[in-house]
Structure formats: C-alpha cells, structure tokens
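In this document, chain identifiers A, B, C, D, E and F correspond to the written order of the chains, with residue numbering beginning at 1 in each.
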Amino acid sequence: MSDVGAVGAMLAESLPYIQRHAGTTVVVKYGGNAIAGSDGPGAVGDFAADVAMLRAVGLRPVVVHGGGPQISEWMSRAGIEPVFSGGLRVTDAATMEIVQMVLLGIVNPLLVTAINAHGALAVGISGQDGGVLRTVPRDPALGRVGSIVGVGGAVIEALLSAGAVPVVATVGVGEDGTLYNVNADEAAAAIAVALQASKLIYLTDVAGVRRDRSDPSSIISRASRSDVLALVASGAADGGMIPKLQGCVAAVDGGVGAAHVLDGTVAHALLIELFTDGGIGTMITAAG
Amino acid sequence: MSDVGAVGAMLAESLPYIQRHAGTTVVVKYGGNAIAGSDGPGAVGDFAADVAMLRAVGLRPVVVHGGGPQISEWMSRAGIEPVFSGGLRVTDAATMEIVQMVLLGIVNPLLVTAINAHGALAVGISGQDGGVLRTVPRDPALGRVGSIVGVGGAVIEALLSAGAVPVVATVGVGEDGTLYNVNADEAAAAIAVALQASKLIYLTDVAGVRRDRSDPSSIISRASRSDVLALVASGAADGGMIPKLQGCVAAVDGGVGAAHVLDGTVAHALLIELFTDGGIGTMITAAG
Amino acid sequence: MSDVGAVGAMLAESLPYIQRHAGTTVVVKYGGNAIAGSDGPGAVGDFAADVAMLRAVGLRPVVVHGGGPQISEWMSRAGIEPVFSGGLRVTDAATMEIVQMVLLGIVNPLLVTAINAHGALAVGISGQDGGVLRTVPRDPALGRVGSIVGVGGAVIEALLSAGAVPVVATVGVGEDGTLYNVNADEAAAAIAVALQASKLIYLTDVAGVRRDRSDPSSIISRASRSDVLALVASGAADGGMIPKLQGCVAAVDGGVGAAHVLDGTVAHALLIELFTDGGIGTMITAAG
Amino acid sequence: MSDVGAVGAMLAESLPYIQRHAGTTVVVKYGGNAIAGSDGPGAVGDFAADVAMLRAVGLRPVVVHGGGPQISEWMSRAGIEPVFSGGLRVTDAATMEIVQMVLLGIVNPLLVTAINAHGALAVGISGQDGGVLRTVPRDPALGRVGSIVGVGGAVIEALLSAGAVPVVATVGVGEDGTLYNVNADEAAAAIAVALQASKLIYLTDVAGVRRDRSDPSSIISRASRSDVLALVASGAADGGMIPKLQGCVAAVDGGVGAAHVLDGTVAHALLIELFTDGGIGTMITAAG
Amino acid sequence: MSDVGAVGAMLAESLPYIQRHAGTTVVVKYGGNAIAGSDGPGAVGDFAADVAMLRAVGLRPVVVHGGGPQISEWMSRAGIEPVFSGGLRVTDAATMEIVQMVLLGIVNPLLVTAINAHGALAVGISGQDGGVLRTVPRDPALGRVGSIVGVGGAVIEALLSAGAVPVVATVGVGEDGTLYNVNADEAAAAIAVALQASKLIYLTDVAGVRRDRSDPSSIISRASRSDVLALVASGAADGGMIPKLQGCVAAVDGGVGAAHVLDGTVAHALLIELFTDGGIGTMITAAG
Amino acid sequence: MSDVGAVGAMLAESLPYIQRHAGTTVVVKYGGNAIAGSDGPGAVGDFAADVAMLRAVGLRPVVVHGGGPQISEWMSRAGIEPVFSGGLRVTDAATMEIVQMVLLGIVNPLLVTAINAHGALAVGISGQDGGVLRTVPRDPALGRVGSIVGVGGAVIEALLSAGAVPVVATVGVGEDGTLYNVNADEAAAAIAVALQASKLIYLTDVAGVRRDRSDPSSIISRASRSDVLALVASGAADGGMIPKLQGCVAAVDGGVGAAHVLDGTVAHALLIELFTDGGIGTMITAAG
C-alpha cells in the first residue's frame, strides 16, 4: 500500500500547480542536441510523455524544434562540408534542401510520432504553413538564413483549439515564397510572444545558466532580464547559450510571463519544473 | 533531486488514467461515518483535495452525502431518542426538522468549504433544489422517509458545465413540496444513473466488500452484479453494506460503467483508485 | 364576459413594463419578518408566485433572505438567550451553528419549495457556495458576525443562465473557511452591486419609508441618495429601517439602477411595483 | 389600492398559462373583415398590442393576413368589377396587380406599423420572399389564383430567432416567378404546419363555430376534426366559415396542436384565449 | 477547348478580387429608371444574376430601390398629376397610397422574384419593418416626403446573417407610424452608413459622373469628396446626379469605404466593377 | 469594354456551379508527374491558383500528393537504385528516409508555398499527424510499403473549419509509430471517403480515361463503377491508370458523390471541370 499511498500524496501535492497552469500556453523549445543525445533510455519518449501530460491536465503546449546535429550528419552523408559563421550555418541552395528535408522529413515526424504514442493528437507544421514564420534574409553572406519579421499565429491557435499539440519545425518563408533556415531559439521566442504564452521553456543538455561558464555548481536559479543581458555582455555565457538567453529576454520583453532554461536530459524535466515546488534550472522574468 | 525525479515519474505514470477519465462524470458518496471519523489528521481535508484534483484534471465529480451520526448527535442534544426500523430512521416532523438542519446547515457547508479550500468551486445543493430528488413516502410507519421516484439532473448538469463541483445533501421533495429524509446510498445510485456517470464510488470506513463478513482478509477486488446479489442473499453482507451493494447493482443496471466500494480512511483513496494500476477496494460491473 | 375582458385589458396594460424589464436582473430581499408574519392567507405563497412570474416574463430575479425571528425561536428552544449589540446578534460558536441550521436547513428550503410549487426552477445556495459572500469578522465583541468584503457572482450567473432562480441564504465565509453570520440587508445590496442589477427591492412589513417615523401617512414615494442619508442622520428612520436605507444607498452608489422599499404584506407587491403605473412604497435612485 | 391589487392578482393568475406557452409558435390569421370593421375604438390597435404582448412574454407569434374587402374597394376605384367563383376571386392580370398593391402596399404596412407602435419588432414579408409560399395555378378559370404546394419556413424562422414578429401577406409565387393570389385561411394553415406551430388561431368577426348557422347561441366550444368535417358536410357551416374549418382540419392533421376560431372583435381576444381559464370561441383538436 | 480555357483564365483572374471582398457588405441602389429601361434583353435579369453572384462568392449585398417612373405611371392611371418641387415629388395622402402600393406591391416583388430566380434567398422589406428607416417630415409644402433621422439595421443584419439578400423599398416611418415617401438615393447612403458597408454603388443609366455635363467623354474615374462637392457647387452636375453625389459624400463621410456611380445598363456592370481591374464608372473616396 | 464585358458574362455563367458546390468538400490528388512536368509556364502556379479560387468561392478543397519522380531523383543522387514490384516501390529503411525527406521536406512545402502565394492559408500535414493515415505493412517483400486501414479526419476537419487548405503528404503511420510509404492514389480515395467528400479528382498528365489505351481520341466522358471495373479487367487500362481507377471505384463505393480523372496539364483544369458546362476528362459515378 505504501507505493500507491505515495502516488496519492504526490498527485495531491501537484494540484495547486495544475490549477495555476490550466488553460495557459507553454512554448517548449526541444533542441537537436537533446534528440541526438537520446541514446539513453527514453529521452525523446520521456519528453513526449511529458508533453502529452501537459495537454491532458489542461495546458496548451506548443513544441518548437530545430535539428542542427541531424542536418550536419545528412550534409556529411551528401558530401557537403558544414560552414558556420558567427554561430550560424551558412546556407546555400543545396544546404537549404537538406535543412528542409531533415527538419520536415526526419526530425518533425519523429517528435510527432513520439507524442502521439502517448495518446495526444500531435500535428507537425512548419514556418511556411499559413505564414507561421515570415522571414527576410539575415545577411547575404549567410545565404538562405532568415530573420523572423512576423509570426502568423492563426494556424497554431486553430490546432490548439482543436485539442492538438502543434509541433513546429523552424523553416521560415519569405514574401516571395522562398524558404529560409531559421534559428530555432529565435523562433521559439517569437512564437511565444505571438501567442502571448505564459511560459517559454528551453530544454537543453546543461543544467541551467551558469554564473561562471566553467563551474557547473554556479547555476543561477532566478534572474532578471538585466542580469541576463549583463551575463551576455560579460562573456560569461558560452556560444550555445547566447541565443537562448537572447530568446529569454525577447520573450519577457514581449509579454511572456517567464522564460526557463532546463536540463532536458533529466527525466520528466518539464513535469518537475511545472508541477513541483522544487523546480530545476534557471527562470528569467522581467524583474528577476 | 531524487524526490522531484520520483514525482516526475509518478506524474508521468498517471497520464493514461487521466486521459481515460477526462470528461467523465464520477459520483462519489461520502458517508457520515467517514466525516465523523475524521478526528485523525485531515480525512475530510484529504477527501476534499482529491475531489478538487479530479476536477482540475478534467473529470466531473459530483459529491453525495448523508450525515447519520451527526443527525443522531443533534437529536440527542434535543432530547429526541433515535428510532430505527429495518435500518431506516423513523422520521417524524420534529426529526425531519433536525435532519434538514444538520444535513443542510452543518454537514453540507462543511464539505463545500473543505473542497473550496483546495481551489475548486464547490456548490452545495439539496434534493428540493430544482426537483433534484423527487420522492414519495416509503412506508407510513417510517413517517417522512422517502423513496426516490425521479431525479432532475438539469441543475447538476448546469453546475458541472459552469465548472463547479455539486455537493448534494440527500433531502428529497414530494409533489406537494413536503421534504423527506432519503437514504444517501440510494440517492447516490439514482443520481449516477440520471447523469449516466461512468463511475459510482462509495467511500466507507471498511476496506471493501468481504466474502466473509468476519474476515478482513476476504476482500473481493472485482465482482459481477450477480455475485453481489448472491452475497446479499446469503447474508454474508452486514447491515451497513447492504444498501451500498444494492446501490451498486442499481447503478450498473441503470447504465453506470462501474461501481466501487472503497476505504475512505486511506489517504487519497480516490486518486489511488482512479489514477494508479493498484486500485483498492471492490469494483462491481455488470459482468464482473 | 366582463371578467375575462378585464383580464385582457389588464394584461395589455402591463405590456410596456414587461418589455422594459425584460432580461434585467432584480435582487429581492425577503425578510424573516415577512416569513414569520405569514400566518394569514398565503403570504409566502404569493411572494413565491410573484417570483416565478418575474422569471416567466423574462426577468432574472435573485432572492436573498435572512431569518432573524426563526433563529431566535430555535435559540430559545435550545435554551440560548439571544444577545444583540447595536442591532446585530452577538454570535458565538453555538449560536452560529443554530444560524446555519435555521437559515440553510429551515428557511431556505421553505422558500425554494414555495417557488418551485409555481413551476420555476429555484435553487438554494449560500454564501460559502463558490465564494458567493466573502467575509471578515466585523468586531471581536460580536463573535462570528461578518462584514462582506467580496461577492463571487459566477455561481449566481451560471444558475440565472440555466434558467434557475437563485435563493441565497446569508451565511458568509472567511478566507480560512470559517462561516459567519451576515446581515441580509447588507448582503442583498452587495449582491445587487456585484450582478449590476437594475433593481434592488426590500420587501418589509411596513408600507415604505416614512418622513416621520410615527406617522404612517408620511410615506415618501421617491427619494435621492442624499435624501436618504439625511433621513438616517436626522434620526427619523427607526432601527430596522436603517440597514435597508444604507443598503439602498450602497446599491445606487454601486451602479444599481434603483432601490425600493415595499410592503411585502400587500398581496403581489412585486408585480404591482414592477408592472403597474401605480407602484407602491419608496423608490431610491442616485438623483432622486 | 384595490385596482392595483386586482392587477397583481390577475397577473399572478396568468402565470401558469404564460409558462405553458413559453417558446411555442402561434400562427394568427387576421382577416380583412376584422381590419375593415375597425372603425370602432381601436380594434387593430388592440390586436397589435396583443401580438406584442405574446412576443414579450416569450411566445413566437406569426401573423398571416389577407385583405378581401380592401382589394374589392380598390378594384372598384379602378373601375374593375370583382367576380367570384365558388367563393374565390377570379384574378386576371390587372386584378393581380391590385391584389399585390393592396396586400403589400396598404394592409401589410398597416399591421406592421400598428404592432411596432407597441414596442415589438414586426417585419412584413410576403409569399415570394425566400419562397415562403410556393404555388401552382388552382384552376385555369380562376386565372392567377394559386394553390399552395410548399412552404419555405427558413425566412420566418430567421425572423423569429432574431426576436421579430413576421407579418405575412398571402401572395404566392410559382416556379417561374409568377405571383398568385392565395387564400389567407389556407396559407395560415400551411404555414402553421410548416412551422409545427402549437396553435393556429383564426380571428374572425363571429363568436365561434355555430352548430346551427342561424343561431348565435349555438357556439361549439370544443370539437374534434371529425365533428368539423361533419359540420361542413351537413351544410351547417356558412360560406366564409368553410375555408377556416378546412384550415383547422389541415392544421391538426399536419401536427399543429390545436386550431381556434375566435371573435376578433372582442377586445384582447388573443390574451383572453391564451391566458385565462375562460377561453372564448371554438377549439378544434385531432380528438376533440 | 479554347472557350472553356478562356473561362478558366478569367475565373482565375477574378480570384484576388473575390478574396478582397469576401464578407464585406455592399449596398446597391437600383433605380426606377434602370427597371423602366429594361425592355432590352434582360437588364433586370442580369442585375438579379449579378446580385446572386455576389452573395454566392461571399459578399453580403443589400439592394435598395425606388420606383419613380412606375409611381408616375400609376398616378397617371389614377388620374393624378405628378407635381415636383425642387426635384422631389409633392406627396399628398392619395399620392402616398400610390407610392406604397407601387413600391411595395409592384417594384419590390419584381426584384425579389428576379433575384430568387437565380438561386438566392431574396427577402423584400421596407422602411417601416422593424424601424429600418425612421423619418420626419421634410417640408410641410412637400406633404408626406420624409427626411431620414435614423436607420435600424438589426432586421437587415439578421437577414444577412441568415444568408438572405435584403431588398429594401424606400418607404419611411414616423414616430407615430405615419408612412413617408423617402428619396432612394438618400436612403441607400443612410443604410450603407448604418451597416458600415465597404461600398455603396449607385446603378444609373449614365456611364458615370461627367466633368462636363454635356460631354459624355468627360467621365471622371476617380474623385475625392471635395472634388464632388466642387462639382455640385459649380453646377456641372445635372439634376438627377445631384442626390447621388450627395449620397456618395454622406457615405464616405460616414465611414463607408468607397461610393460608386455606375452605368447599370452595361451588362453585368456590378461584376465588372467588383471583379476586374478595368472597373467602370466613377469611384468616390474620402481622399480621392 | 468588350474584354470586361466578356468577363462579366463568364462570371455570371459560373454562378449556378458556384452555388451548387458551395460548402462541399473536394479532394484533389495532384501527382508527382504533374509537378515534375511543370517546366512549362506555370503549371504548379496555375494549380495553386485554382485551389485558392475553390476556397475563395466557398468550397473546401483538400490536396493530396505523392512525389514518385522526385523520390526517384533523390534516390539516384544518394546512389540508391529504385526497385519496383507490381508497380509499387520496394521501400527499405534507407529508402523510407528519402521518401519522408522528399515528400515532407521538398514536395509538400513547394505546394503549400504555391497555394499561399494566391492568398489562401495552406497548411501541410502528413499521415502521421494526428493519425491521419493509419497503416499496416502491405507485403513483407515490399518493406515499408503500407496499406491504409483507417483515416483520422479530425485534424483535416479542424483545418477546414479554420478556413485553411490542408495539403496532405502520403506518409502513413503504423500502430507502433513506424512510418510507411503509402500510394497517393489510394490515400486520396480513403481520405475522400473519410470526409464524405462530394468529389474526388485525380489530376494526371493524360486527358482522361481511354476506352482504347493506344487511342487518345477514345476518351470516355462518363462511366459507371462497373464500366470502370470492366475496363481494368479487360486490360484496357495501363499501369499508371489502374490505381486511379481503383481509387475512383473505392470512392464512389464509399459514398463520395463522383470521381474524376482530369488532364492536369490543361491550364485551370479544376475550374473548367467544376464551373463550366463543358467539363473535361472522365467522370465516374456509382451508376454511370
């Protein structure tokens, strides 16, 4: 009886959190690294179960994903050498075809199918669907890399209202229909602002934002937008963390309630963050 | 981290149950004995938290209660000697006034307030409200004891649709407006049938239905309606259990998916029954 | 034919009033004295018929009631001496139990059943249901007497939308779930403001507000809020009338269209006031 | 006070009737004779007030009218001699123009304006609007006289749902768009059947259906469809009454609850019939 | 194949226009002259087909019509000499009867029937229906000529929402129920403003507004409100054009997107104006 | 003027067709060959414009596509030799990855972007989204080729209700989440049946179904399901036509109103078929 008793107590303890989050929209960025690192027992499966659970207890989760490692792997298969400039993938026409094929043809169906396996109604869409991610070229030297200039939330809202879980691949579309490679961290923040989400959550493979990049014990549990900007300015944040931190600031500046950086390799990180007192990782709000 | 990890895992495990029960109506009979036995730490509070949790994760719980011990206590204060006949309280006019006053004035607000303390929107109603429990006299010798001849579900449905948790005190009303004392076990079954609930749950102070009345280890975990009728006919069931067993049979005969007899003194018995594989107590279905 | 002809003419004459009031919310305070004085032919029954009529022709009536005389009678049966201070009942724990039992168990079902007898769908609720009347202690010397600090209108609105007639017993609830004795005149005004009712009507046992307390012929038919405040300040209003007059001022200050003090012992006083040119009693508006 | 008291009592007495009729559709045929006979004080005005009252207390009245005397008068002004054959007006093209002009241009606006003067939202339509009355020629010898072969209820339902009172002039339309003169008694019955009205009421200038055509005291208060057919077959019914009686039979055969023949010259005949025990005139039901 | 290919290409070219106008309200004034001039092949039929087409592809057309030539013809049949003063028909009581009879009994059913012949659900209404056109006398010397002081759009909106095409005859109603003769150009502008239509279109028998009244080649294709006022002030506009130009200015001043004067004798003028680049006639906007 | 006049006339002629198809669902299969053959002026663009036009005039189009030539091209780039068996592509795991990548990453965004360029709101989905195409392995020898065993129409219906144009890539999903290569002709028929579409249209690169495979002039304009089955049995239909003909029969057997085989290389073939008398290609209905 002890086991079921513990389940009862824990379920009861999550009640106030479930009530608080009911009906709110939560945008979750799930990174290509997290997917790539899923050789262990069930990381994608656990993530998918958590997303289905959020929907089941009344939240409205939206998943946004990239797929950097997967794109690089397929480029290498095709004999194309990835080139990066300022942390961004230089994207010529041939590379863009691989970006589309990997994000839309491999990564997106993988996530959709995993979430559906847990009884949810996941639907994969992409930035060109209904003008979800409207973009312009970011820099001629980067080729088909896009900056987001507008988000069309109607299709995402329609899917949420129909009870579905939208899973968004971060390909963007120009006014003339050209497709662009869009940074997934930036896209997640823009979508969270467009939907006026209550939370934006980055699931990464580190335990949170560190005050000292080389000290795993220096995780910051709570920060204001100005703390975050100072951290970026000081050089304390490393390369992969910078676009996430910029996304956090853009989100809270745009009206999102809070932004989080969590360790997606912890089992059920989403449930722990949303439904327990403990919480994990770093939370950024306007005022800290 | 281990604690929050365990919470994550347990929440994840409850997902299929939450999905299965979403949107279904569950009628819970909470007995006066359970209330009376709540001197220990938090029995009514735990029950109230569980009911609020059911609502929060998408079920539509309806609470039905009596208050036998409380009525007897107030009769004794008023110097009236309780008289029982065939397990039913002989109810003259003075006794009926006490029945109304205790059920509507003491027990019902106690439960409503306890559930509201957990963030739900409980609303107490009674059988005369909107013709919820329409009754006729059961037997002239019993005075104002009523048999249910009809259930008006419109008010309960309106409250459920408004997101509220209806808490029903079992006073019934005759065609001429006379109020009657109604057995709460019978009322819970009739309401479950009228709402076409998926489950009727009797929370008692015993661990389930016993095959041998004197042997606590002879709990039956699953039974058909004919098993139950045989048990009653054989005399194996004791006095207090008989109306519950009759209610279970009436419910499954009337289209309710399953009826349960649970030990309400186990902390979070409702959550354990509904959201874990373990389950507790006895489940009665049409076919067993 | 003359009789039916008169009925036709009278029905036709009420048309403009029915059209004017259609869809509006009217809060009616029905006092314990009116109930207690109902030994004559049909006072409660007439009141109940009038309330059902308001609903039938498209208004949305809400009934609010106390039960002072009934509480005092039951206290006396229990051997407790009523103590009043400044017109308010000093309410210790034992008295509060009697207040709950009488209001919720005796008076509220009496009114609900009477209204339902006229084909309406009355539903009794109380201040603890869904947080309808949120209260704080008024004065330590008064014990469990509460002042209203908030009104939760959602449950009342849900019942009105479902076509029901809410009948509200004036027990309030503190933040910790403690129940309080609340003045029914004050409660009626607070509910009228919360619902932004078009009218608040006090049904009493006098013919209206008198300019001279001792002169029954000095009834004022129409007054402004400042007239009323002057009347209270001058000492012209007697004890029982003061909380009603304060309620009238609070209501019109809070956006209620008009407040009325009517003689509830006149047969069909509500219908006469609402559907004839004659009107009866005193009407208070912001500007008089 | 006696007068207002009487109003209160009478209003209260009409409650059960108002409740019974709430939400039901009532088709009222108002004849050209009644209009023509309105030189006395307020016949059309009284009728219009009654119709507005029905709408105000929750019924859904539909008015259907012809205009025989008015048509004859305008034909005579135009120097055309009315010709009748078997009680029907022989209608050549010139006559049909006058029929349209009088019904749509004179009689219909007269009724619409009269009803609107009592605070209702009357809207005049005709059989060609949205295919309300689809007709075929009845008999080549009669010219543009039509028999109804279909009723399009959508426009009438839309107006009722918008809270309006449809006032239908009985011009019909053929498949090729030709307009036809349609008997208003027949049209009212067909519309009542199409709307599945609860009542069809013929307002005439006699006091009801007589068992003996020459004996005003032989009014039948209640009859079955077979009684009515017998009356027609026996020759007891006079010319003007026959199409009304046929309409009554067609209506109850088509599912209308009851058909009535009332004396429209009695002030407020509609209110008396619908809202008092007395009733007036003759009621025909399937079984009598 | 060439023909169907051309149809395909033309349909495809109309796509952007159909998308732009979807869901918008367009008020079309169809003049009595256009009707009177319809001896040629199918002018009324073409107009009716165009209106049905607008509805079919998602617009919400409202037709407003007068009937000057038809009224004059019937007056002459009745031996009444038409008298005009300042371009307006002096309207005594006898004339007003003819106005009503012709507009409501002849012209309105003609248009309704023609539109219905093309599969639409046209419904004829008039200014007295539901207070659509509320008027006051314009000038005692003109008799029953009315100026519009209010437009009740609820009935028109209800018909549009029900999928119908409202066809409005321009009879107005005074506060006392008196009917008035209303200028149809003025009525169309007032209705367009009340509905906040996107377009008001006058279909006339000239090719547009001329800069030089005597030069058919001086058609202005686009003008601002001040251009139009200058044109009227300068005397360049002739008599029949002046009320149309005033209506155009009133409409754009009242929030209508654009006003047009088109040659209704061109086959399918409405479709050409709304669905092709070419456009025809004169368009007036606030800024030109 | 002649050109715009012709447009007006042609638009007017399409009215009855637009009215007939309003609100109906039309499933259009657009083949990979049509896409591949689009080197000429605007074939994909014309198709996209036509789909946007169908939506704009009130139909509910659903596009279903495969991408055989594109898949073969990418396989060849990857150095994999396509193998066919019985007309179906033998699909091992590596091939399936290319199928997904090409259909979801290349062909689907191409069509979505083309349709959106014409002002519609196209949204690309695939068979794994919300369980749209549930499949089982067809034959172990074919590897990951799936047979459709169920269609989940909820996501498609939600998108249609939101005003979007669903564009479905024909990847299917097994119960365990494995993705399968699904024949697009079969998928289109299954989706048409699930949605109870009024029409299923196959756009191919031939002019219709030929009675004699080698004779382009032997196009059949209309056939019954048994004609079609006879044609397949006789060997008259060639390889690529057989799955389309089977799809036509499955569709009409499943309740779809009619199935069509059209020449998608004719400009605006969809508009010509749906909105002109001419029609093109072959129509199959249950009875022929």
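In the analysis below, a contact is a pair of C-beta atoms (placed from the backbone, for glycine too) under 8 Å apart; a residue touches a chain by one contact, two chains touch by 3 or more.
Since the model is a prediction, treat every value here as computed from it, not as a measurement.
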Relative to subunit D, chain with the most remote C-alpha centre: A
Matching chain pair for E-F (criterion: over half of the contact pairs shared, by residue number), options A-F, B-C or A-B: A-B
Rounded Å distance between subunit D and subunit E, as computed from the means of their C-alpha atoms: 35
Distance from the mean Cα position of subunit E to that of subunit B, given in whole angstrom: 69
Centroid distance [mean C-alpha coordinates] between subunit E and subunit A, Å: 56
Rounded Å distance between subunit C and subunit D, as computed from the means of their C-alpha atoms: 45
Neighbour-by-neighbour ring order, given that subunit E leads and subunit F comes next: E, F, A, B, C, D
Contact footprint of subunit C on subunit B as seen in their complex: 77-78, 97, 100-106, 108-109, 112-114, 116-117, 121-126, 128-131, 154-155, 158-159, 161-162, 164, 171, 173, 177, 179
Subunit B residues within the subunit A interface of the complex: 1, 3-16, 18-19, 22, 46, 49-50, 52-53, 56-58, 118-119, 266-269, 271-272, 275-276, 278, 280
